[in-house]
C-alpha cells in the first residue's frame, strides 16, 4: 500500500524529507538511500526503519522495492538521476533547481515528454503554503479583477558568510519569487532588470539587497526585493495589485503579546519555521500522485522556465541592463 | 467673535484646557482663571495672553467678559460653581464627575431643567474619540444587528502609589466604561456585580484588577475589566457582540516595526497619548455649542446616571453581591 | 509497526477520525469499528482498507488486532466502553465529555488509577492548536508576569434549531473554554456565576448569549462569552491579562484582501476550518503515546473537573446565583 | 495677534484652506482673497468673516492687512505670485508644485536666497501625517539600522476621465512619493527608471499602473507603484527596509467589524479622508512659523528637486531608458 521511496542525496534537506516520510506522512516509507558520502547515507538510513544503503543513484533507481525517487542531491547531479528514473518510468520529486543549465533542463523535458506523461514534480514548495494558495485562489476567483502587478519581498535574517555568493541571491533565493510570480500571474517572464542597492554592511561585500523588475509576456509586472542579511527574521511578503482590488499575504501572528509599551507578534526565524507545513503538503501531494504513477505540482517546464529567468536576471544584475528571456515552445504535456 | 472662557480650577487638567483653548482651537480664548491656590492660578494665567486672575468662582462667573465657564476643580467643588453659572445662563463645561453625590447631581439637573435648556456638557471625552465614534456609528447603522454584549477593557500602566485607592478604580477609572456602555448600548444600567481578581502584586494592596458585569434595562450586558497596574501601557479595548456581527476598537498602529524576530506596534503610554485628539474634539464641540448659548454632548443626566452606577458598583465591589441601580425619571430636557 | 485502532461510534466525528487515521497520519490504521447503527458502522468501515465491523464495543475492545481504542460514541455510552478498555490495558482516546456525570467520571478515574498508569486522553483539542500553545508558552515563560484574568470568547455562526438546547451552551460549548481556562491558568475553578443577556432573536428562545465569571482557587478570574447564533462565523478569541503584560490569540488571516473601500480577512466558517490542524495534532500525539502503551494530553482528571465546573455553571445559569465547585482530591497519577 | 492671510486661488484646495483657517486653526484669519475667476473669489470670501476680494495677486500681496500669503492657484501662476511676495518679505505657503519648470524653481530659489532667510513652505503635506512622522522618527532613531530601500505604494480609487493624463501620474501623483523618498532616506535622487504595466482597463488608455525605481546618490533605492484606477479606495503604503530591520505604515483601522465570514476595516475613500489631519497640521505649522516671519517644513529647494526628479521620471517613462537627475548646488540657506 505504502509508496516505497528511494532518496538520492541525504544532506540536510534529504534528511528532513526522510523524517517527514517516516514520521509525518501516511502511506509512504523510505526503502533506499544513497549519497556521495557513504557515511552520511548510512546515518540517514538509521533514521527510518527499512532503508537499504546504495552506493550510487543508478542501482537505487533500478531497485524493485523503489516505487518512486526523491532527489535532494546538489543541482549539478540532478540530471544524471532524473534521466534514468524517467527511463524506468518511476515518479520523481526533484528539489530545486531542476538542473543548473537551461540545456540540461531541456534534455530532461525531452525525456519526460518522450514518456508521454508527467513524472516529475520540482520542489517549489511555496505553492503549497496556505497563504500563497489563498492568494492564488483570490486572483483566480476574479474578486480583485485582472492582476497587473505582483510585488514580492524575500528577506533572510542572514546567509552563511563566505559560502553564499552574490549570484546565489538570484539563483538560490529569488528563484522562489520567480516561481510564484509566474504562478500567480499565470504567465511567463519576458524581460528582467535588476538594480542593486547600497550593500548592507552586515553582508560585507555581498550584492544585497537587490531589486528586480520583471515584465511578463502579457504586460503585468512582477517586482522583487531580495534582502539576505536583514537580521530581524525570515520575512516573506507578497501583494497582488489588480484592476479593482489588491490582495496580500498576512502577517503570521498566532498570538499578540503586549509588554513594554508595544504589541508584538513573532516573525519566523527561518524558512523552516515559515514553510514547514508547506513542505509537508508538498510531499503529501507528491506521494498521492506518485502512488498513482504520475506527478502534479510544479513541473519540469517550471524548472526550465525559472532557470531561464534566473540566467537572465544574473546577466541583468551583472550588466545593469535589461535582459530578455527566451523560452522554447512549451510542449503540450505541460498544458497551454 | 471669540468665545471668552473663564476657567475654574487650574491644576493639570485645567492647564491643559488653557493650552488647548489658546494654541489649538479657533474662536475661543481664556479671559479669566481662578483656583483655590492663588499662585497656581497666576501661573496658569501667564500661559495665555488675556486672562485675569480671580479669587473665587463667583466673581469669575459674574464677569462681563466671561461668556462661558470651564470647570476643572476637584469634584466636591463642582456643584457650587455649576449652580451660579446656570443662574447666570452661561454655558458650562464640567470635567467628570458632574458631582460626587447623586443628590448633588439631582440638584444640578433641577437647576438646569429650570433654565429650560441644556447648558452643561460633562467631560466624558471618549465619545469624541474617532474609534469610539466609528463603533457607535456601526452599531447605529444596524450593520451588525442588535447589540447584546459590550466588553470593555480599561488598563493603566500604573497609578500613583498611596494616592489611588481601590474605590477609585470604580469612581475615577471605570466611570468612563460606564459612560461608553450606556452610550453604545443606548440604555441605562439596571444591576451590577463586581468581582475582584487576585491582586496584581505591582499594585501592592490595591483591589486590582476588577471585573464588572452590568445588566442593562433592555437585557444587554456590559462587562468591564479594569487593570490599573499592568505596566505595559495604557490600553483601551472594546468590542460589541451583536445579533449578527461584532465590532471592536482596532489597535492604534501608525507604523509596524520589524526587529529582533518580532513585528511590533506602539501601545500608548497614557491617556494623554491615546485620547489627546478626543480632548481637542470635545472642547471644540463645546466651544461651538457654547458660542450659540447652549450645550451638546454628555449631559448632566449622563453625569447623574454614571454616578448612580458608580455608587452601585462600589457597593457591589464591597459586598460581593449584585447591586441594583435606581434612577429618577429622566426629564424631557435630556431626551427620551 | 502501525498502531491498530478500534473505533467505537462512527457518527460525524468518528468518521472524521477514521479519515484522519487513514489518510493524514502515519503509523496508524483502523482495524475495527462499531456503532449502535450497524449500517453506519459498515459504511464507515468502507472508508478505510482493513477494518472489521463489530456488533458491540466489548468484542472490539477484546480483539487481538486492536491495540488502542478511540471512543466517539455519545457521552452516556463512554463509561461502558472505557472501563473494559482499561481492564484490557489498552490506550484510550475518548471524545469529550469523558462521561456525563461526575460519578461516572470518578468511577473511570478510580479504574485508571487502579491500572497504575495513564491510559486515557480526553478530546479537548484546543490544547493542540498552535495559537493556544503559543499563548500557554508565553504565560509559562513568565514574559507577561503572573496571569490574573483570562477572557475567552466562543462564538458560533449558528446551532441546529430544535436540537441545541440552552443547557448545551454550557455542557457542549463552554466546556472548551472551561478546559483552556484551567490549562492556561494552571488552576481549578472554585466558583462560577453565569448571566444571560437578552436573547439573540436569531436563536429564538435559546438562552444566548451567556456570560460566565469563574473564580479560580488561586484568585485569578476566567470570564467567558458564549454566543451561538452570531451569524458571521466561528470566532474563538482569548486574552490573558497578567501582572505586567497581556497576550491574546491573533486574527487568523493568511491573506488580506482589499476591495470596495475595505480591507478584509476571513473568519473561519466553523470549528472544522478553525481547528482542523489541532484535531490532526491531537490524534498524532495520541498515536505516539498509545504506541508506547500510555497516554498524555488532557486526562481523565481534566474530564472530571470540567464536568464538575459545567454542572456548577448550569446550576448558576438556572438560579442566577454563584455556584461553588467542589472536587475530590486529585490522585497522584494526575500530577500535583 | 492673529496671522492675517491673503489667499491666491480659491478653487477646491484654496477653499479648503479658507475653511481650515477660519474654523479649525487658532490665531489666524483670512483677510484677502483673489482668483482669476472673480465670482469664485467672491463666494470664497463669503466663507470667512473678514475677507476683502482683490482683482489680482499683486495688490493682495501689497495690502497692509495681509501678513502672509497662501498660494493655491494653478502651477503656472505660482512664480508670479511668489516673487513679489518674497520682495515684500511676506511668508508664503505654496501648494505643490512650487513651479512647473526647473528654471522657474531656480528663479524662486535665487529670490528667496537673496532675502537671506526662508520664507517659503511648499505643500508636501505627507511629512505632517502621524504615520509618516513615526516612520521618519524610527529611521532617524537608528532602531532599524541604515535604510537601504524604501517601497512606496500610491493608489487612487479613480482619476477623472479625460482630465487626468498619463504624465500626471508622475507630475501630479508620484511627486508625493518622490518627496517622501527624499525625506525618509535623507538623500537626493540620482537616477530613475519607470516601467509601465499592462494598463488597467478601467483607466482606458491611461499609462496605469507604473512602477519607478529611483537610485539615490548614496546608493539606497526608492521604488514606487502608482495605480490610479484601482477602485477599492485610496491606499498609501510605504515600507523602509534597512540594515537590521524594517518599518512600514500600518493599516488605518479605528475599528474592526466582523460580519459575513469576514473581519474588515475601512480603506479611506480618498486623499481627503486619509490626510485631512496632515493638512491641518501642515497649515498649523505654517501659521506658527509665518507669525514669526519665517518658514519651516518642505522648502523651495524641495520643490525644485522634486520637479527635477519628476522631469527625469517623465523622460524615463517616455523613453523606457534610465534618466539621470542633475541638480544645481544646494544653497546654504537650505541646510547641507
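Letters are used for the chains, namely A, B, C and D, taken in the order the chains are written, and counting of residues starts over at 1 for each.
Basically, a residue touches a chain if its C-beta (ideal position, glycine included) is under 8 Å from a C-beta of that chain, and two chains touch if they have at least 3 such contacts.
These figures come from a predicted structure and were not determined experimentally.
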* Have a look at A-D, B-C or C-D and name the one that copies the A-B interface, over half of its contact pairs being the same. => C-D
* Asked: Which chain lies the greatest distance away from chain C when centres are computed from Cα atoms alone?
  -> D
* To do: Indicate the whole-number Å distance between the mean C-alpha point of chain A and the mean C-alpha point of chain D.
  => 43
* Asked: Centre to centre, by mean C-alpha position, how many angstrom separate chain A and chain C?
  -> 38
* Structure fact -> Residues of chain C that touch at least two other chains are 231-232, 235, 244-246, 251, 253, 258-260, 265-266
* **Touching residues (chain side chain D, partner chain B) in the complex** => 1, 22-28, 49, 130-131, 134-135, 138, 143-144, 244-251, 253-260, 265-266
* Would you tell me which residues of chain A are touching chain D in their complex? => 145-146, 148-149, 151, 153, 155, 193, 195, 197-202, 209, 211, 213, 215, 218-221, 223, 225, 227, 229-232, 235, 241-246
* In the complex with chain A, residue positions of chain B that touch it -> 157, 231-233, 235, 251, 253, 258-269
